[in-house]
Every structure is written in structure tokens, then in C-alpha cells.
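Report on the following structure.
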Amino acid sequence: MADDVWLPSLKTATPQEGFDLAVKLARVGVKVTQPSAEVRSSLRAAYDHDTAQLIASSQVIAIHFQTVAAANNYWS
Amino acid sequence: MADDVWLPSLKTATPQEGFDLAVKLARVGVKVTQPSAEVRSSLRAAYDHDTAQLIASSQVIAIHFQTVAAANNYWS
Amino acid sequence: MADDVWLPSLKTATPQEGFDLAVKLARVGVKVTQPSAEVRSSLRAAYDHDTAQLIASSQVIAIHFQTVAAANNYWS
Amino acid sequence: MADDVWLPSLKTATPQEGFDLAVKLARVGVKVTQPSAEVRSSLRAAYDHDTAQLIASSQVIAIHFQTVAAANNYWS
Amino acid sequence: MADDVWLPSLKTATPQEGFDLAVKLARVGVKVTQPSAEVRSSLRAAYDHDTAQLIASSQVIAIHFQTVAAANNYWS
Amino acid sequence: MADDVWLPSLKTATPQEGFDLAVKLARVGVKVTQPSAEVRSSLRAAYDHDTAQLIASSQVIAIHFQTVAAANNYWS
């Protein structure tokens, strides 16, 4: 992670690209805690059929989307 | 998802349409984690009778509604 | 839901009416996920004696109250 | 609830009184979902020895304290 | 609690002291729900080895830190 | 903790360094509740293979990232 530039800016051209960025931020938040792609892949079945965890994932995206939207002045 | 424009703007005419948009954002947040409509449909019974998950869904909507309301300057 | 105007404005006369509106928003967030009043009614016993869910409900209200309070400039 | 004025203002003289108000708001959020004082009292043992629920209660207070603090311009 | 002044101000000299204040606010949020120091002490083993509760505690601190940071204009 | 300066500023050069700081803040929030590095290490296996806790960790990071991003005026 330390070597890559994966977050050069919070600015996006459209709200939809901002939402995509929020999804990315939520995923990176998981990666920093569990850096092994192999382990994350093996865990995937444990949550993508678990509605409680799907809702929780959606919540993390929502929090990041607040940040990205504010950074873009809500694309107004 | 990548091909459709589903979020052209955070602006809505009324608070109520803003709430509808918040509901949509919450649902898309689930879709990006579980893209299969078939799987999501099969999971539906698992949460729409589970009050804890209904409350959690309501919370995600609430977070998105904060964003949409701010984007619309609270429709003032 | 689509036919009714249930959210004409976020403005309220007093903080207390703003809190009532936050409660309403939290409840509508549940209704959009479980539209059946009959099912919601049957589920009621499952959560109104479950303190964890009562606290979770209070949290959703708190998030909406943030939005309503900001929309009213904190009634200052 | 409807008959009492329990929230005339979000303004408080000090941060500490603001925290007390946040505690009150969190409790009212539970009361509106479970209006029976008798039931709430009977449930009390179920959560005041459950650390997960104590932490969840603390979180609801934290969210309301954000609102009250903003309403008071952080008592600056 | 009512007799002590434990929160005279949200202002702190540094971000780090602001973080300490956020920790304090999170703990007071637990104390107001479970005022008995003896009970809280007996419960301690139930959560300080439970990672889910450690993460939840960290979340409450994060919410309070938002408030404290805003109150200090982010120490800029 | 009290002896080290670990949080001299919320300012970072880039959004990505801001995200790293959010990760750090989330971890310190756990450390203040469970100060023993030995215990934390022994607990690690309990959560880094538990997707619900990985998502919860990501959420705490998201909340702190809101704070750090605001402190940096979104690096605009």
C-alpha cells in the first residue's frame, strides 16, 4: 500500500464517480486491516451472502460518500 | 453499473425526492458488494423480516439523507 | 408512499417538533424496506422488548435529528 | 410525550450541560419506540450489565452531542 | 456526576489532548448509563478481550473526536 | 501513551497520507481501551478473519477520515 499512489485526490468529475471513490475507500479500509488478498478472497463467501454484512458495507460507503461529496462541494 | 448513469446529480426538487434518492444510494451500496440480482433476491427474506436489519437499513438511508440534504442546502 | 406527500419540508417550529420529524424519518426508513404494515406490526414484539434494537432505533433518530437540526439552523 | 415541552431549546450554558442534554435526547429516542416506563424498567437489567449495549448507548449520546455542540457553536 | 465540573470546555491545546478528551467523553457516555464503578469494573473483562467491542469503543471515540476537532477548528 | 507525541497535527500533505492518519487514529482508539500490546496481538486472529469486524474497522477509519479530510479542507 505504502508504495502506490491510490488516492491522489478526493475530486471527481461527477457524483457517480464520487460514489465509486467511496466504494474504493471502504475497501481499502478493509485491506489495511487484512492485507492478504488471499485471505480476503477466502472470506468473501462469508459476507456477500450475509445481508447484515452487506448492509454494514453499504454504511461504510455512505460515510465515505459524505466525505467525497463535501470535498466536491456536492458537485453543485 | 459502470455503464449506466444512475447518479447524475444530488439535487432534488423536494425533501421527499431527496429521501427517495437516499434510499437508492443505500441500495446501490449493497449492489456493489453483491452484484448478483438473483442472490440479492434470494437473500431478501433473510432481512425484511429481521427487525435489526430493517433498523440497520434505515440507518444507512439516514446517513445518505444527510448528504443529499446538505447538497440541496436543506431545500431552504 | 409514492403518492403521498409526507415530507414537504425539513423546517419545524421548535426543536421538539424537529425531534418528532426525526422519529418519522427513521420510521419511514424502515417502511421503505418492509412496506407491509401487517408484517411490520407482527415484527413489533421482536424489537420493542429488545434493548439492543431500541438503542439502534434511537441511533437512527439521532442521525436524522442532526439533519433536521442543521436544516433549521439549530432553531437559533 | 406530545403534551409536554421537553425540548424547548438546544442551547445550554456549558459543554457539560450540553452533554447532559445529549444523554436526555438519547433516552427520549428509546422512549418513543418503547413508551411503557414499566417495560423499559423491566428491560434495564438486560442492558446495563451488557457492555456492548453500554457502548452502543454511549455512541448514541456521542451523535446527539455533535448536534448540541454545533447548536451552541461549541461554546466558544 | 451532577456535582462535578468534568467538562469545562471543548478547547484543547493540541490534537492529541483533543483525542484524550474524546476518550473521556466516550467513557462518560458509558458511566451515565451504568453509574456503578464496581459494576463497570466487573464488566471490564467482558469487553477488553472482545475485539468487536474494542472496535465499537474506538468508533465512539472517533465520533467524539469529530466534535472536539471541530470545536478547535482542527487546531489550524 | 501520555509520554509520546503521536498526534502533532491533523494536517497531511496528501489525501492518501490523510487516510493513513485515519487508520492510525482508529488503532489508537483500540489501544486506549486495551493498552496491552501482548493482549492485542493475541486477539488479532479473532478479528482479521472475521469479515464483520473487518467492516467495522473500516467504518471507524471512515469516521476518522471525515475529520482528517475536513481538517485539510479536503486538500483542495
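Going by the order they are written in, the chains are A, B, C, D, E and F; count residues from 1 in each one.
Quick note on the criterion: a contact is a pair of C-beta atoms (placed from the backbone, for glycine too) under 8 Å apart; a residue touches a chain by one contact, two chains touch by 3 or more.
The shown structure was predicted, so the numbers you read here are calculated from the model rather than taken from an experiment.
Note on connectivity: the fewest steps through touching chains from chain D to chain F is 2.
Between chain A and chain D, the least number of touch steps comes to 3. Rotation angle, chain D onto chain E, C-alpha superposition: 60 degrees, expressed as a multiple of 5. Distance from the centre of chain B peaks at E, each centre being the average of the chain's Cα atoms. Each chain's centre was taken as the mean of its CA atoms, and the one lying most distant from chain C is F. Comparing the contact residues of chain A and chain F by number shows a mostly separate set, under half of all numbers used being common to the two copies.
Computed centre separation for the pair chain B/chain F is 27 angstrom, with centres defined by C-alpha atoms. One finds 16 Å separating the Cα centroids of chain A and chain B. Between chain B and chain E, the centres computed from C-alpha atoms are 31 Å apart.
Shown for chain C are the residues in touch with two or more other chains, namely 47, 52, 56-57, 59, 63, 66, 70.
Chain contacts in this assembly form a single closed ring in which each chain touches exactly two others.
All chains form one closed ring of contacts, and listing them from chain B in the direction of chain C gives B, C, D, E, F, A. On the side of chain F, the complex with chain E involves touching residues 5-11, 25-30, 32-34, 39, 43, 46-47, 50, 52-53, 56-57, 59-60, 63-64, 66-67, 70-71.
Against chain B, in their complex, chain A makes its touches with residues 14-16, 19, 23, 47-49, 51-52, 54-59, 61-63, 65-66, 69-70, 74-76.
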